[in-house]
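What follows is a group of structures, each given as structure tokens.
You will see two complexes here that share subunit A, one where it goes with subunit B and one where it goes with subunit C.
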Partner chain A sequence: MEWPIPLENPETTMASQASLRKNLLSSDRKSLIIGIVLLAVLIGVASMSVDGFASTNNARSILLLASFLGLAALGQTLVATVGGLDLSIPFVIGASNILLAYLFGTSIPPALGIFIIAVLGAAIGALNGVLSYRLQGQALILTLGIGFSLVGAAQIFTTFGSQYSGTVFSQVPAWFSNISAINGKTLGMPFPPVVLIWAVVSAILIFWIHHNRAGRALYAVGNNRTAASVLSISEFKVWVSTYTVSGLTASITGMLLLGFSGGGFVGVGDPYLFTTVAAVVVGGTSLLGGSGGYGATIVGVLVLQVLTSFLVGLGLNYAAQQTVFGLLILPMVALYARAPHIRYQI
Partner chain B sequence: MNRKILNQFNHLAVPLGLVVILGVLAAMRAPQTFTYVGLAGAVLIAAPLILAAMAITPIAIAGRGGVDLSIGPMIGFVNVTIVVWLGALEITNPFAVFAFAIGLACLWQFLLAMIIIYVRISPIIASLAGYMILQGVNLVILPRPGGFAPDWLGDWGWGTELLGPVLYILIAACAFWFVFQRTPMFQHIRLMGADERTAYTSGVNIVAARIAAHLVAGVFAGLAALCLTGMIGSGDPSQGNTLTLQAITALVLGGTSLSGGKGGVTGSILGAVAMYLVFVVLSSFNFGAISGYMTQLSYGLMLVLSLLISLLTTQSRPRTA
Partner chain C sequence: MTAISVNNVSKNFGETRALRAASLEANFGEIHAIVGENGSGKSTLAKIISGVVPADGGSVDVLGHSPSSPTEAIAIGVSTIFQEMMLAESLSIWENVFAGSDSFWKRSSSVADKKRRTKEILERLADCPIDPDWPVSSVPLSVKQWIVISRALLQKPKVLVFDESSAALDLEATSRLHHEMLALKADGTAVIIVTHRIAELVKFADQATVLRDGETVGQIGRADMTEENLLRLMSAKTDHSAKSDAKDRVAFGGGTPALRASNIALSTNGQSFNFQLFPGQIVGIAGLDGAGQAEFVRILAGIDKAPQGTVTVWDDKGDEHLVADLASAETNRIAYVSGDRKKEGIFANLSILENFGLALYGRYANKAGFIDRKALSEVFKKEKERLSIKFGRRSDKITTLSGGNQQKVLIARAFALNPRIIILNDPARGVDIGTKQDLYTHLRAFAAEGGAVIYLSTEIEEFFNFADRADVFFEGGLFASFDEDQIGEETILGAMFGQSEPVEMSEVLEQELPSETQLQAAAQ
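Showing the complex of A and B:
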């Protein structure tokens, strides 16, 4: 193409803008709209069919649980945006949970303990990123291996000389458990602070992704690595930083879950193994990279959490909920994350 | 030909080395493993994992980052349906049970292949959804472990005879793979896994190839479910779930790349054997309460190390989209 680009006639410019708008509507926006409609329908149906669904108490518990899942799925979203997958999240959650409980039992000041665990989480994330960079097709296996090792090491460390395996008992500071307890108060308001934290983090992240060069770099790398490198975006840096953030948010989730439950338990992360992926996928971020975003994941998280609450209200147990989740993923993904036929990929 | 054998050996070097080292360690720490009865028990315990790892191998070779996460719950599904459904119908004929197990597993794999081919969503999402669905369905069919396997199948669980049905199943599975590996269809699957576009433009019927990969997986998975049922002698809705991660670990230890086109079941078998030997060696130490975590830690480290070694031995570049 010549440079400077010659002035085009206004009609074609307008047409191209219209098609751009249509493009926006057809890709990311479509999944977001489907998600929001699904959420609204779910809330409507649930409020009508389950007594007490539309109560402040229930809304509070949905939001609280959604905050945990939302924070855990934050890192997963970023990683998925660049085409990776982080399966170490549940293990980082479990390990942070028992390690923090362990640190609370020692003479280390609680705030320092929290800081140490957060740094550890980020370090594990960075390790995931560095090691999986050359193995991007197999990132999920690598993160799984790191996760296994971490959770094994953390349990060996905490159970050394104790006969309780898998659980750690210690005194959790009241201010810390207030952050994520169901009856926690935020500046006198009747919801736990973690909900506010999740909202603020989400707002900052969404703004940052859309209005910052580093945020756009995620999509550049996710869409086309060759193009991204031409724009002098370091694929390595982007890849490693998404995993670092993922490790950090997973460890924060693990620590908050300690405040929620009051006792350290390594299995606390297990439900998050596939649920974070489900939230990302239901929201509309394709695992192939380059599309979606955290706004979509928030919708996905809320859909899953409202659905869980609805199914519990209907008297379905955990097993049946999992089945419904699985059945939900297929049509949701089929709606917007279909690959083109092979004959169009050549 | 010479070069081919050398290449073959190269990608098996890591798992083979692992098995030899661990085998020596196991022989020193737990010599009873290598007695007649010890081996019979080892074959019995390792068989479900070996067959599960074999099952996910053709799917991984078929490419598209295809790793069948649903394999564990699916084996569990066949296990609970043998005990509950066939138990209710009082079907105990070995032929009928074999046909049911393999047929059901193939049906599920066929369904998965159809979703991957025609709905065109990525295999990992399809099998993830399958994992969640079957995990729940198993618990609905059989809420807690219980029930009885048919007598002849439950008798496998004594595990005192090395030359028993479990070993014959393993040999038959290997023979089946040996024959399958020599068919043009296997070459098509490998080509498709290495480069689907090239395969398509060269006239390979990629729909048939993908279905074939999944059906072969179904045969192995059905056999894995039979061995699992024989081992525990009853139904267990959650025992199968743990097989997913273990089978993937064995697959990767065996040098099959999830990026497709490479690998074979020999590696997966060696990987599964290595995992069993790690378990044997670690349980020979007296770790007490932490022995389970030691196993977990070693599986994790083995997984990471074998991936990094595969990176060094093969010249793989970062994926370019």
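Showing the complex of A and C:
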């Protein structure tokens, strides 16, 4: 039988494969390590240059704010894993915040009110998922549009007969405030329960993603939709589920922020537009989908939160913080984005 | 006078060797065809002449130059009609026809003139009224093809390169195009045409360069140009007569089939056909690109739906089941392996183990969906040994493996599903010879245990010593079926090109002999 002659010099092929392997092997782990090192350096520098940075009080406030960002970025991570983007998160946060404050001012039992808002958040997420699946490739502007109209509608709804727009005052139940207030107590311990909730949710989520077939399906779809569909993994189900979770976690974040501040304010979610995406990217989850994970996002969240706290400690006002933050994200992303481009991996 | 002289050109795409030693010599005022079977490198050779891809080795002389880009090629007088339709859909027809003809500062001719010439040439080519102001998006596919062609013709090329091997033209349109080419030839243009349509080719080409495995195996002049001669040159000259020794011959046909496709048509108004597969049988599927064979195996695997007809399988008890979608294919234990690893096989960012496991999580997970990693690991170990997959750590990314080993992981994944029928869609594409041989061994063992195999390949040689039957597709339908002892390069290649009779000279003679004797008998 006549066969094509050997293709290439085997030695050069093997050498190039070995170097490729070196590059690819650790790209996920590498960004995680870079993140942890960066976090340690930031904490070190901040502790030395800002008085009181390394205090229990400051650690508590960093962890508390990190919990909010961590929960908001949970959905964003899942959505990014399948290759999508959810820009409705800040608006769902803002809407949930004022709607819950509004419900607390009615005769509806607080627990039922919380449940209603959570369902509403999940529904908005599902809507985002279905529509962005139908209109492929338009997730960015679509989620932004839905978020916009939601937050607008929530403001109209909550300000009937009121002269204030965007702020809602009502009595927040003490038990609910305790969950996410800076002086909240967890079973007598001096930190708010939301930190513990975040830790438990994170642990469950990471375990579930690794050991449940539905968790693995996220990576299958994020990597190669066609190959996943041949293995009868439903891209539609996966896609819609991640957006639903994203809507749910965003609304939970919005409600917890009500407990934190004590009054409903529609703009409370605004910073999360940038920070949820930044936490995902800084953590090392590719926005192209199929790599990274929530563990990485946790590192990203902590990096961002420590950095914010550092900038505040340096006495920068919000505008200056924003400038530094924006500029710092560039080298950080450049550092993380050094994983080989997808076209070199196939 | 020589227009093009290509000598010993080679070209590699990654691991694939597209051209090894291709040569071509074409004169002005000549229609020169490049022919060869799938993957013989004919399109690559055409692209080298038109400057689209650079050659790795050898010498290229086109009109005294060696074009390194399509722009350069156009500048020296080489026009190319590409397979892909490169059109700006939202622009008008005339803008597309004259795309690239103006420089930034200077127009080549007035708008009115461009519109007039567009209308004139397109109405002649497409044979229907055309308004040059129509947006391209509003015209049918066939007209779009003509727009691409007229763009090349209006450049008044000295050399025209046309790759029609997968063009969307029907027969009548093709003959109109060939007419156009004869006109160009009369003007002294060198016309290079890459084509599958050898029946028409022999009628109007002056020269034909025949490629096989990236090598020029011959050039046929006008006088010797017959379909038989072309097909003979295209097929390898090796002797495959030893094939019957290699394998015990089994007769299939009795008993319950493993799978049957009844009245299948690949398009709504396409010709319908039947297909049968028996337990223990290996059926090879062949055809030129786009002849329908790829669509067919995807239908059998439940990935795509048949526009018409049904696919039935029989289980161990002899009960009938319909295969209509992926779910029913899975419950009826049909496994599918794609040769297009990048597109529908691997998950590039995931580990070797994960790539293997993703197909199996359904079986190795409890009701809540939690995966039994230990059981999965056992299966992985078993299949890894069976297919002798070589890798460092199973947690390494799949992309650290060579193409052959990646393919092995995908095949291991299919075997681990414990299928009754395994459907492979060109699995040996870009895979080394060792892996290929291993694959044949495993598939034979699988068939020996009663499994059934459907094996689509773009390389006919893969069927020798391996397939029990070869089914050849032509123009969207099942065209011919060959039993093991009929499988040969010439028979299959002939069928791929739509020749109903195998092009064996001896057979032709045998058929004619009786008639001669009859004539003699009649004379006496």
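Basically, the second predicted complex is superposed on the first by the 310 of 346 C-alpha atoms of A that agree within 3 Å, B and C clash if a C-alpha of one lies under 4 Å from a C-alpha of the other, contacts with A are read in each partner's own complex, and residues count from 1 in each chain.
What we mean here is this: a residue touches a chain if its C-beta (ideal position, glycine included) is under 8 Å from a C-beta of that chain, and two chains touch if they have at least 3 such contacts.
A quick note: this is a predicted structure, and the numbers were derived from the prediction, not measured.
Colleague: Name the chain, either subunit B or subunit C, that contacts more residues of subunit A.
Modeller: B
Colleague: Contacts for A:N224 in the overlay, against subunit B (first) and subunit C (second): which applies, first, second, both or neither?
Modeller: both
Colleague: A:A153 contacts which: subunit B (first), subunit C (second), both, neither?
Modeller: first
Colleague: Touch check for A:H211: first (subunit B), second (subunit C), both, or neither?
Modeller: Second partner only, subunit C.
Colleague: Can you give me the overlap between the subunit B contact set and the subunit C contact set on subunit A?
Modeller: 223-224, 226, 290, 342, 345-346
Colleague: Any idea which subunit C residues touch subunit A in the complex?
Modeller: Its residues touching subunit A are 12, 15-17, 20, 213, 236, 238, 240, 303, 326-327, 330, 336, 338, 342-350, 354, 357-359, 361-362, 365, 368-371, 373, 392, 396-397, 399-400, 402, 432-433, 461, 464-465.
Colleague: Enumerate the contact residues on subunit A facing subunit C in the complex.
Modeller: Listed in rising order, the residues are 1-8, 13, 17, 20-21, 24-25, 211-214, 216, 219-220, 222-224, 226-233, 286, 290-291, 342, 345-346.
Colleague: Would you pull the subunit B residues touching subunit A in the complex into a rising list?
Modeller: These residues of subunit B touch subunit A: 65, 67, 115, 119-122, 124-126, 128-140, 196-197, 200-201, 206, 245, 248-249, 252, 257-259, 289-290, 292-304, 307-308, 311, 316, 318-321.
Colleague: Which of the residues in subunit A end up touching subunit B in this complex?
Modeller: Contacts found on subunit A: 83, 85, 131, 133-138, 140-142, 144-153, 155-156, 159-160, 162-163, 165, 223-226, 235, 274, 277-278, 281, 287-290, 317, 319-327, 329-330, 333-334, 337-343, 345-346.
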